[in-house]
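Heads up, the next two complexes both have subunit A, just with different partners, subunit B and then subunit C.
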Partner chain A sequence: MFQIFSKIWKTGVVTQKDDFSEAPPLFRGKPVFGTTACNGCGQCIKVCPTGAITLINYQLLSLSYSSCIFCDICTGECKTGTIQPTTEYRLATKHKPDLTITTSFPQKGDDEHVASAGSFRPENAAKPY
Partner chain B sequence: MLHQQAASDRKMLQNRIKEVLGHSLHIRHVDSGSCNGCDFEMSTLTNPIYDIQRLGVDFVASPRHADMLLVTGGVTVHLEEALKKTYQATAHPKMVVAVGSCACGGGIVGETYANYGGIDQIVPVYVYIPGCPPRPQAIMEGILLALDRMNEHRER
Partner chain C sequence: MEQHLDLHFPLFARGYNMKNEAVYLVLKEDLPEACKYFVHERGGRIFTILGNDERQIHGSFALYYIFSIDSEQQFITLKILIGESDLTFPSITNKIPAANWYEREIFDLLGIMPLNHPSPYPLIFHHERPRGFYPLRKEFSLDVKIPHQQVVEHFTKVEGTGIVQIPVGPIHAGIIEPGHFRFSAVGDTVIHLNARLFYTHRGIEKRSEGMPLNQALLLAERICGVCALSHAASFAHAVENIGQTELPERARFLRTIFLELERLYNHIGDVGNICAGFGFAFGISQGSRLREELLQLNERITGHRYLRGVIRLGGTHVDLSLSQIRDIRNTLHRIESEFRELTEILLSHEIAMNRMQSTGRLSLSQVMDLEVVGPAARASGRNIDIRRDQPYAAYSILSFSVPHYTEGDVLARIRVRIDEAFQSFSLIDQAIDRLPTGKICTPINDLPAYHWAFGWSESPRGENVHWFMTGPNQTIYRYRIRSAAYSNWPAVPLAVQGNIIPDFPLINKSFELCYSCCDR
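Now for the complex of A and B:
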């Protein structure tokens, strides 16, 4: 009996004081498009398991959080660091279009490194599975 | 500083529930073919660490008692009818919150012959909470957002 009360007393209040605290540093939050430009290699589109990253008219790289599963494979594959991992988890929204972010996708021959990487065409890519 | 912010957030949520509903918020959880990841995160809301009941929010056993539906999982063909019936049984205003990537837009399952790919294909959704699964704090934020949205629904 005494032990039970002593345990309760020692445990104290465990309820979180700050409801919307920062996630732990290794938490896989939403991936975002950083400031570095995309070089058009298309690796992120190939590796994305849910197809959340898509190309719109070969001009815009679009990432939809409504189908992203936050696996962070794309951020590991991205050589230019265009897709950056964050620990942000507060994504709730009332409007579904808010869940899609876009960045410009280089056209073939835009500059040197694009020409070497080659502009990505989904129809030419090998299926990942 | 953070504690003061959290205290004001809590106060805001409590006041908002009172203002909009006039009583506490009751939630019915609907599983429309999820992997149970989101369901586990949702069940942690009532544990001592997150303790959503201190805000006046509680989970109930019947949609007839509920103000809000927390739906997890992209709707499978077999559970489409269950979701529709639950939605019809819910009291007005029927507030639907999509929890998890599957409910928001298909997620890992996507849109297939057996899966509708998002509950917004079946019922109108107020708030989307993406995440695979979303953190309990993210679900709490979604509930707060939904209450903001509820006023405009009542005016209709």
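Now for the complex of A and C:
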């Protein structure tokens, strides 16, 4: 009995106040579109296992947090660093469209150096599972 | 007998399967005899049994019976072909009771009927599903909605003066998964328990058909919340076995470290949870506090509390830096001494001991008959541990002992967990000491189509076996997941018999089984 009380006393209060400021640096939070422009290679659309990354009208690359499973595969594949990993875990919103983010997707032939990369076509995308 | 078997059942494709897996193509009518031979004379134990719709490949269904012969570190696969004209196979459940669920599942999902099965009731779809829907047949499309029919279910009835039936679930007071338990009791004493699971079957095996391997790995991680890593490791192991990919040394050690971290947070959390079975609040809160610290350690070193995203096909995705290794060492050192303190208090607490001792006893013969695995098996004297018996990752290099007891009660099961947790501390320590340098992932070789292999790992609840057959273009043709919970659930009703109803939560917790591992 004494042992139990002593252990409880020594442990003290372990609950935390609700100011969980930052997740640990390696935490896989929501991916975001950074400032570097997308080169249109479409690799992220191909590798996304849940089909959370889609192409709208060949113009906008869209990422939906309602289907994202935070596997971080897209951020590893993105050569231009357009999709950036973050440690952000606060995803709740009252406004559903907030769960989708977009960035512009270069069309084929827009620019000399992205001409070959921008040849992505939606039919090459993996089937969303 | 071996020679007789070799002559009798033509040897089939020994060449292209796993190097320690002998495959026999057996005629349907020889199956019971062959199974009996491998189980009773060669000391094999059922690893997994599955049915596969191979009509697209060679025109018939196939059943695979896989036995592990631990003493020889060998596997035996018996394959039988089932033509469409006669969709039946002889049941072996009368001789080998552990085959019960497997055979019923084959009928539920593939419509191949086990003949002379002693209890031929639906397992997965219960009774409310009309006949004729067999999801694992290839022509069954994913978007078909199976109609639901209202039925009155019948459970084994125990009759007599003073016997009452107490239905519990599938919706429970606590936050647990759905399961229906029907007690037949006299006063407080349980005479018989029916357990009905599979309320939330997710069809993961069907879903994975045609899925690329990398995506299937993510799916495997999501079979279960608390053994996510063991499932991922088992699947990756199977892929590496088909492609004969050699893991880099460092990856083998890293996998071992992460697998043991998973065992640790489970075992320490479970020791605390078992205390909830007798209302020992001190144990519950200390156990969950230590578990939380381990989960936060996981998050710090891998980015995920439940270790998802750690495994990649051909290695691991996460490497450990020196500062992280220091973090693991310091955290584990502190938790080890705190856990020791907790177990000393728990195991010297009179009321706790009184409640755990001789409660929920499972005898060795019951354990052997049902082929129970994991801590539940070792608590009843069945000395199996797939880490030692068929080593994977770096377990063949590290030294550890396999704790086992003979009492088979709740106390023995909690003791096995406590001892194993200390083994895990030591295993992580050794693995860190000997962690080689080098790369952590190697590209996997291309997999030939329509070949099969299986991978395994000892999850905190016992061994998980993942069997899969490749389809064309690096996809999955058939994926069969046999988790530890699938082997152990049938033992729970036996352990409860003769105990009082208030002890049921305690006994159930001492097995700490997973519903979602069954509801694949």
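Brief remarks follow.
Here, the second predicted complex is superposed on the first by the 119 of 129 C-alpha atoms of A that agree within 3 Å, B and C clash if a C-alpha of one lies under 4 Å from a C-alpha of the other, contacts with A are read in each partner's own complex, and residues count from 1 in each chain.
Here is the rule we use: contacts are C-beta pairs under 8 Å (C-beta built on N, C-alpha and C of every residue); 3 or more make two chains touch, one makes a residue touch a chain.
Because the structure is predicted, anything quoted here is derived from the model rather than measured.
A count of residues in subunit A touched by subunit B and by subunit C gives the higher number to B. Of the two partner chains placed around the shared chain by superposition, subunit C is the only one that A:I4 touches, whereas subunit B remains out of contact.
In the superposition on chain A, contact of A:P49 is made with both subunit B and subunit C.
When the two structures are aligned on the shared chain, A:I69 is found in touch with subunit B and with subunit C.
In the superposition on chain A, A:V14 contacts both subunit B and subunit C.
Within the superposed three-chain model, A:K96 lies in touch with subunit B and out of touch with subunit C [touch as defined at top]. Once both structures are placed on chain A, subunit A residues 14, 23, 49, 69, 71 are touched by subunit B and, in the other complex, by subunit C. Every residue of subunit B that touches subunit A in the complex is listed here, in rising order: 2-3, 5-6, 9-10, 48-51, 54, 101, 104-108, 110, 118, 120, 125-132, 134-135, 137-142, 145, 148-149. On the subunit A side of its complex with subunit C, the touching residues are 3-4, 7-8, 11, 14, 23-24, 26-28, 47, 49, 69, 71-73, 126, 129. Residues 207, 211-212, 214-215, 218-219, 282, 286, 289, 299-304, 308-309, 341-342, 344-345 of subunit C are the ones that touch subunit A when the two sit in their complex.
By the touch criterion stated above, subunit A contacts subunit B in their complex at residues 14-21, 23, 30, 49-51, 64-71, 89-94, 96, 99.
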